[in-house]
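First up is the structure itself, then whatever we jot down about it.
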Amino acid sequence: MRYFRICGEDRDHLAVQEGDLAYDLTTANESIGSFRDLAAAASITGDPIDAVTDRLLDRAPTVGRAALEDARRPLDPDEVWAAGVTYEISEQAREAESGMPEMYLNVYEGDRPEIFFKATAERTVGPGAAIGVREDSEWDVPEPELAMVLYRGEVVGFTIGNDVSSRSIEGENALYLPQAKVYDRCCAVGPAVVSAATVDDPHDLEMSMTITRDDETLYDESTSTGEMVRTCEELASYYTCHNAVPELAVLLTGTSLVPSEEFTLREGDLVAIDIDGIGRLKNPVVTV
Amino acid sequence: MRYFRICGEDRDHLAVQEGDLAYDLTTANESIGSFRDLAAAASITGDPIDAVTDRLLDRAPTVGRAALEDARRPLDPDEVWAAGVTYEISEQAREAESGMPEMYLNVYEGDRPEIFFKATAERTVGPGAAIGVREDSEWDVPEPELAMVLYRGEVVGFTIGNDVSSRSIEGENALYLPQAKVYDRCCAVGPAVVSAATVDDPHDLEMSMTITRDDETLYDESTSTGEMVRTCEELASYYTCHNAVPELAVLLTGTSLVPSEEFTLREGDLVAIDIDGIGRLKNPVVTV
Amino acid sequence: MRYFRICGEDRDHLAVQEGDLAYDLTTANESIGSFRDLAAAASITGDPIDAVTDRLLDRAPTVGRAALEDARRPLDPDEVWAAGVTYEISEQAREAESGMPEMYLNVYEGDRPEIFFKATAERTVGPGAAIGVREDSEWDVPEPELAMVLYRGEVVGFTIGNDVSSRSIEGENALYLPQAKVYDRCCAVGPAVVSAATVDDPHDLEMSMTITRDDETLYDESTSTGEMVRTCEELASYYTCHNAVPELAVLLTGTSLVPSEEFTLREGDLVAIDIDGIGRLKNPVVTV
Amino acid sequence: MRYFRICGEDRDHLAVQEGDLAYDLTTANESIGSFRDLAAAASITGDPIDAVTDRLLDRAPTVGRAALEDARRPLDPDEVWAAGVTYEISEQAREAESGMPEMYLNVYEGDRPEIFFKATAERTVGPGAAIGVREDSEWDVPEPELAMVLYRGEVVGFTIGNDVSSRSIEGENALYLPQAKVYDRCCAVGPAVVSAATVDDPHDLEMSMTITRDDETLYDESTSTGEMVRTCEELASYYTCHNAVPELAVLLTGTSLVPSEEFTLREGDLVAIDIDGIGRLKNPVVTV
């Protein structure tokens, strides 16, 4: 099932889409104000998330399609992490931008993946909201990625993530990675969280990205998560081991759609990312 | 099952007693920090509270008996309400203290029960903590009562309540009731919340109270909730109808153990209330 | 100064009106999201509330008049209390509706005022939102009142309150007062909180109320808070003494504008209350 | 002034030390439960933090020395960041452990400092609590550092930080830095927050560290923050620029006390860090 956050009268509501219809779960039960509440209840009772939802559907009023199109960031993660060089093309891009290419090759081929702190909820926008490029950066790119949603370390769902990055700052020195990655509006997630049970195989999903400037399409490519050289389980296990992970986290799995080297994002560009079964995450760009 | 709040290392834990053993539910699942969390999960998934607990028991470490004896207020109610003149003896006591006896008789015999706002969590103490008598009051009494616990208006459990009251202020004028009833440390609840499913018949419970001063027993009587002229359902329905009740509330059901008229509570007295299957709620008295 | 809560992009903002202009204090300092935050800071530093505001004004952008007209409930009180029979006309009305008139006369003339729990934030609406009349009540009235705002027991401001009440339930028996007073949408406050320093004399304010049905004016009277037989200090001192008052409370001071006995509120009626220097609180009526 | 968090009866209290005496600020004003509350009030009113404290002292009861010695983590930061290679010795150590020495030299000499996400409050311990070394790491070191406390991006105080790190994981590949730095119990701060106004010159503070194992001193060296090649202002400005920094953050300034290469922390070791005017931060070591 696909979970959205929609605007209610006094507070946001959690809605779920099932086939052609969508249902307001918060109206069905006031104790469910968010995906976090639903995941907490399922964790406590040991039920699958969708089973909890199923039992609520007959009390849940239907929701118009327009509400889903105006959906907000589908969850408030306590933290967002991301993985790097998990696709061959990404490894090549890092080698090209860096003066130290072997560092990326070693990670690409090594047992331990690269994972890094990406954002807090305050730095993360939802569908339709502006993603940012740093004013002190010259070369900026979107990074479309499949994102895992973890409740207390367990993968409970998937969403789309955009790991917007400064390639010029990262390229200058790998130690500048946090500044290339973590800043105002550096991350987007949405439009929905799809429960883990709904995704047959997260390593076999079509993913595409288009970038538009002044109505002109500058980039339009697609790939498959099957190209990833790591598994989701592997990435999640490195994130959670020896770690005090928070209640609700997002873990991006790395990118494989890389615009050519002459491309950089500009204020006003529009980035749209599609992943089969999750939806389309669309964001304009602003300078921050 | 009987639910207690015990002290953990960094935060309070929810524990449950089953026969001779008790289990730490918060250690079993960090998302359950309190009875409220458990009730919320059960409400969301539609499971009975004890069924949720059952599934957690094999992961829950056992808890020593000492921890239960140091248990704290078992829940943080958003508000506490109470019912009045629900027992014949209480009706007689109110008549005697008041210049307007027919008012109490009318309520005792009327369709609509008397229910009133009693306390907030901040005014309510747990087992072992001091209950208060107002410094501007001359005649003060404990009122031992069976208490319902309501989650979003549904009765999910029972506990013991002590509706400490100033009879001199209430007796002066019925309009002074809120000042006779609502003040610092005016209420005690505990020691545990017993799930509704565990109580065969809330209208057939033995209840007793002892009051001790300087090791001398001043009062020691018992009664049965079977003496109540209202049902719990009736009281709960008058509390919830046309009302915006909060997530977690306590509703006391009225008293039938009334010390003789010459008795008044003094600082240092010790009040102990027992209800079958719930436990013993014991509190010293201070002047506030 | 007059403080309003207005809608911001992601959260509500606190705005202040000074003469013809209004300023957004939350934009001036993100730590001030509400009147409570401002009162807390003033309480901690020992500054008058308006002095804190004064220092923020040069960083605060101006706010359009339309935003003030769409203002929401100006504060989220932890609890609302109210006083009864503080005006002669109110005492007469209570005598008339009750079978026990002497009870009201005694309070009117007694040392101790009548104060009672009126509402929580969840039961209290802001300007423009619907106030409620109980479906099980036949005779319902608005009660326009000057309202004190207390921060940790200190009077820090004033607003307008509407203590909507069921006279039939209260009239049946004084012990039913909580049910006549406390229910869904039983209270309105707003449109603004005026700092205590701004009000020269709370016992010399013009107050008026109009009630309109289908564009016809059914009631239009005015009075002065000078008619009150209690002082604000006296009412506040009885509320706070021996009591564990919450951080932020509202205390209504009683009513003196009483429609004639044949009048009862109906769904669709519009009630507007004006108090000099505070503004106009306008609410439609619904059945709850 | 030096601010501590001490245990109160029902909640933690904020205490301040002035000369030989310490005072309980939470008892003086219930609205101040933490350093964050104090910083928020000072930010709102524009007062210096210590000026706010000054006005509260006459209402604040004194606190025994024992309470300060049992002080807990002095603040709950929304996030902790840290700077790297800000001292010459640290640059040398990184070169030595890494196969890519020029990367560290470039940062040491470059305009842009290295700053990175270090921890959340949940991963950060206070004085006396155990710091962690990862079970999958072979070479682990404490990193004693002067730490800035930032309220909404402004430096309002200083504390001591211990940036516990896995040198083997970081040494394997610079891209593994987040895993070498961020894990369970990876950070310690305390024992107190010293207000910025109390520190004459943060670039002229004596700092020392001792490491003890089985009562034997394995390391005992001292240095001065005067050896730092960056200023605090510079580090803070890189952290805050183009960034959505949270309300309350800690920024560690880098290390210059580096045990010899054969040393690694073991479970049971005791690490004590002293900085002039701030105090001593002492923590045992556990494997996580």
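Residue numbering begins at 1 within each chain, and the chains themselves are lettered A, B, C and D in the order written.
In this text, a residue touches a chain if its C-beta (ideal position, glycine included) is under 8 Å from a C-beta of that chain, and two chains touch if they have at least 3 such contacts.
Source: prediction; values computed, not measured.
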Roughly how far apart in rotation are subunit C and subunit D when fitted on CA atoms, stated in degrees to the nearest 5? 180
Higher number of C-beta pairs in contact (B-C or A-B) found for B-C
Determine whether subunit A and subunit D, two copies of the same sequence, contact each other through the same residue numbers or different ones, counting it as same when over half of the numbers at the interface appear on both sides. same
How many angstrom lie between the CA centroids of subunit A and subunit B, rounded to a whole number? 48
Between subunit B and subunit C, centroid-to-centroid distance (C-alpha), Å: 32
Where in subunit A do residues touch at least two different other chains? none
Those chain pairs that satisfy the touch definition: A-B, A-D, B-C, C-D
In the complex with subunit B, residue positions of subunit A that touch it: 29-32, 37-38, 40-47, 52, 55-56, 152, 247
Residues of subunit D defined as touching subunit A within the complex: 78-79, 81, 84-85, 100, 103-104, 106-107, 110, 112, 114-117, 120, 122-123, 132, 134-136, 169, 172-179, 182-185, 238, 241-244, 246, 288
